[in-house]
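First chain A sits with chain B, and in the next complex the same chain sits with chain C.
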Partner chain A sequence: MKPLKLDVKSYQELLKQYIVSEDETSLYQAEQFSKMSMQQKISPEEIIDVHIQALKELYPDLPAEIDASLDFLMETMISYGLAYQEFQSLREKQVELQSEISVAASMQQSLLSTTKPNVKGIDIGAISVPANQMNGDYYHFVNDDAGYLGIAIADVIGKGIPAALAMSMIKYSMDSFRETQRNPKTVLENLNRVVERNVDSSMFITMYYGLFNLNTNLLQFSSAGHEPGFYYNASKDEFFDIEGNGLVLGVMNNASYEQYEIQMEKDDIVILLTDGVTECRIGDRFIEREEILEVIKEYIHLPAQEAVESVYKYFEKLQDFHLRDDFTLIFLKKNV
Partner chain B sequence: MNLDIKIEEEKDLTYEVFLAGEIDAYTAPKLKDALMPLAEKDNASITVDLNRVNYMDSTGLGVFISILKATKEHNSDLKLVSLQDRVKRLFEITGLDSIILIDSTVQGGN
Partner chain C sequence: MNFQSGVHIKKEWDIVGARQLGRNRAKELGFGTVDQARIATAISELARNIYLYAGTGRVSFEIVEDINKKGLKIVAADEGPGILDISQVMEDGFSTSGGLGAGLPGVKRLMDDFDIDSVQGEGTVITTIKWVR
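On to the complex of A and B.
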């Protein structure tokens, strides 16, 4: 086989060869010809044009009707050509967008990065796995000099890029609150107003905010519609749901929040999560909250970071497991 | 999975909407498109029957929040009935049952 060239002459030869022999080889070459044409951005009507020219040279006495029908075909093809051109340019734009999204995703990561603090007496483990490129879950630790540890875990509803942008808004408004405003109830009430003013009506945020007093071991917290976590009481050797009622952020301007307390003792554990954990599915089946707790119990004796990673790995390894939503899990183990 | 939406106009401006299937990121836009024109009518009354909705995620909640906001602006009513337990729990956790009227006397099965 000769190498293909994209000109009338080569096409004419190919066509002639096929008309005479009807062999597979020339059909295959026709396929190659069209692939090369696509690469060279040659439009369908240009190929028809080449076909007409080649045909007329091969058969100069073409009946007038066939001749006219070819012109007709040519006109019909023009809109296909336009659609194809549009497709090409959309494809290029899509590649461009993809790369912009990856840049944005890595920017989000550095904007929202939080350092897991080294706090005496508490072993902290945290994992957050996005279901898509950008994570709509968020956790943040605030460790100040006055002996307090702030813990925030949030889930933006409304997926993708707008959700990710809303996260950055939350983080920066949280950082801007003065120390007198750091009790959980006030934090959520302030954030609620920020979110309500600034996000689209179908978007909202669930959030848990806890403030742990390192001197008294008192954990105060409030919840804005966030998936309840678990509290392990070591003296009773029992797990409890961390209740806490409150409306999600961003729905009602004047929402107010209850504040709750847990007095933490040695070996007590607080487990925080997002609904990506409870919305996991295996095939068609949901993973029940009780099952999640069973898995957590299995790994909870490990150091906190190893424990959260083991829980995620356990789910990841299940057959037919797919992450529908971002998955975030935090363990706070009181070890003194 | 898909979401099936059936709208019945009981009488003038009184609508009953029957949903069947799953409400998630894929079906939520379709639900919003179907409900929004009703919510934007003045003095309308909309009842959404969720008896046959076996799964809803937080995107679904987002749709109901924006529908609720639209009904408030147009002096209309929104009511959700026959919620399955899993779906009902979602409204309870998020505190949305305190601002959206949910009729729990009509409990959903299974």
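On to the complex of A and C.
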């Protein structure tokens, strides 16, 4: 087989060969011709034009009716040609958009980046993986000189770009709060006002904020409708749900939040998560909280970072490597 | 030779008349059959927009000559409501036909040069040229 060329001459040869022998080889080459034409962005009406020219040269005495019918065919192909060109340009646009989104995603990542603090006595593990490119979950650690560790975990209801934009707002509002406002209850009340004022009323944010006193080992926290975490009490060797059932952020201007506390002892563990963890699907059912706890128990003995990553890998596999929601998991292990 | 001619658009039937006149001019200029078909399609889109959105208007043809090329210039002019957001209508997928390739972005693709002048409440003038290859 000769290499194909995209011109009337080659088409004509092919056509002639086929008309004489009606062989599969010519048809295979016609397929190649068609693919090459697509690559060269040649539209259907041009192919028909090439066909007409080739045919007329092969059969100069073509009946006028056939001739006219071919022109008619070509005319009807014009709109298909346009639709094809439009498809091409939309595809290019999509590639552009895709790369813009990845730039935005990496910008978001650096905007929202938080360093996991090295705190004596607590082993911290944290992981947050977006379902799509941009993350609508968020976690943040604030480690101040006064011996306090602040822990924030939040989830925008909804995902994708709008959720990610709302998250950046949360982060910057938190940065602007003064040190004296780090009381969990106050933090949530202030954020609630910011969200209520600035975010579309169809968008809600759940959030947990905890403040750990490194000197007294007291963890104080409040929750704005956030997925309850777990608390492992080592002396009882038992897991408990972490309480807290405040209103989600952004619903009511003057919402107020309860503050709770846990006195942490050696080997106690606090587990925080978002509903991307609890709403993992297996087939067509959601996973149960007890099942999640079973998985967590499986890995909890590992160093905290290794443990959260292992739990994530487990769920990633369980969902066929296709997360349906942003997934965030934090372990705080008190090790002295 | 430089003559001007055109078709007044006031009923749907006039779209066909405009196509016919445009195709004849294109043939005389030596455009191949594919380009004739493209020009006719562009004329249809422009004339149909006049008929649908402005009610009446005119599609005229003019033969233009550059240093080393000849072309057919089509001017579609009306005194209708004008086009509110030109960049929006020039976006693929915006037309009411739901992005099937036609509409004004289609005209731009079918032709070589393309220009819109539109003033709200005063009318629209679309000028477009195809050069003989």
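Just so it is clear, the second predicted complex is superposed on the first by the 327 of 336 C-alpha atoms of A that agree within 3 Å, B and C clash if a C-alpha of one lies under 4 Å from a C-alpha of the other, contacts with A are read in each partner's own complex, and residues count from 1 in each chain.
In the analysis below, a contact is a pair of C-beta atoms (placed from the backbone, for glycine too) under 8 Å apart; a residue touches a chain by one contact, two chains touch by 3 or more.
Nothing here was measured: the structure is a model prediction, and the numbers come from that model.
S.K.: Since both structures carry chain A, what do chain B and chain C do when superposed there: clash or fit?
M.R.: fit
S.K.: Who does A:74 touch here: chain B (first), chain C (second), both, or neither?
M.R.: It touches chain C, and chain B stays clear.
S.K.: After the superposition on A, what does A:266 contact: first (chain B), second (chain C), both or neither?
M.R.: Neither: A:266 stays clear of chain B and chain C.
S.K.: Where does A:297 make contact in the superposed view: on chain B (first), on chain C (second), on both, or on neither?
M.R.: neither
S.K.: Check whether A:324 is in contact with chain B, with chain C, with both or with neither, and answer first, second, both or neither.
M.R.: first
S.K.: Which partner does A:85 contact after superposing on A: first (chain B), second (chain C), both, neither?
M.R.: A:85: touches chain C, not chain B.
S.K.: Return first, second, both or neither, reflecting whether A:45 touches chain B, chain C, both chains, or no partner chain.
M.R.: second
S.K.: So, A:155: does it touch chain B (first), chain C (second), both, or neither?
M.R.: A:155: touches chain B, not chain C.
S.K.: Chain A residues in contact: does chain B have more, or chain C?
M.R.: When the residues of chain A touched by each partner are counted, B comes out ahead.
S.K.: Just the number, please: smallest Cα separation between chain B and chain C in the overlaid arrangement, in Å.
M.R.: 19
S.K.: Considering only the contact definition stated at the top, list the common interface residues of chain A for chain B and chain C.
M.R.: On chain A, no residue contacts both chain B in one structure and chain C in the other.
S.K.: Quick one: in the complex, what on chain A touches chain B?
M.R.: Contact set of chain A toward chain B: 155, 157-159, 201-204, 206, 224-228, 245-248, 251-252, 275, 279, 286, 324-325.
S.K.: Write out the stretch or stretches of chain B touching chain A in their complex.
M.R.: 24-25, 32, 55, 57-59, 61-63, 65-66, 69, 86, 93-96, 98-99
S.K.: Mind listing the chain A positions that touch chain C in their complex?
M.R.: 45-46, 49, 52, 71, 74-75, 78-87, 89-90, 93
S.K.: Across the complex, what residues on chain C touch chain A?
M.R.: The contact residues of chain C facing chain A are 32-34, 37-38, 40-41, 92-93, 99-102, 105-106, 109-110.
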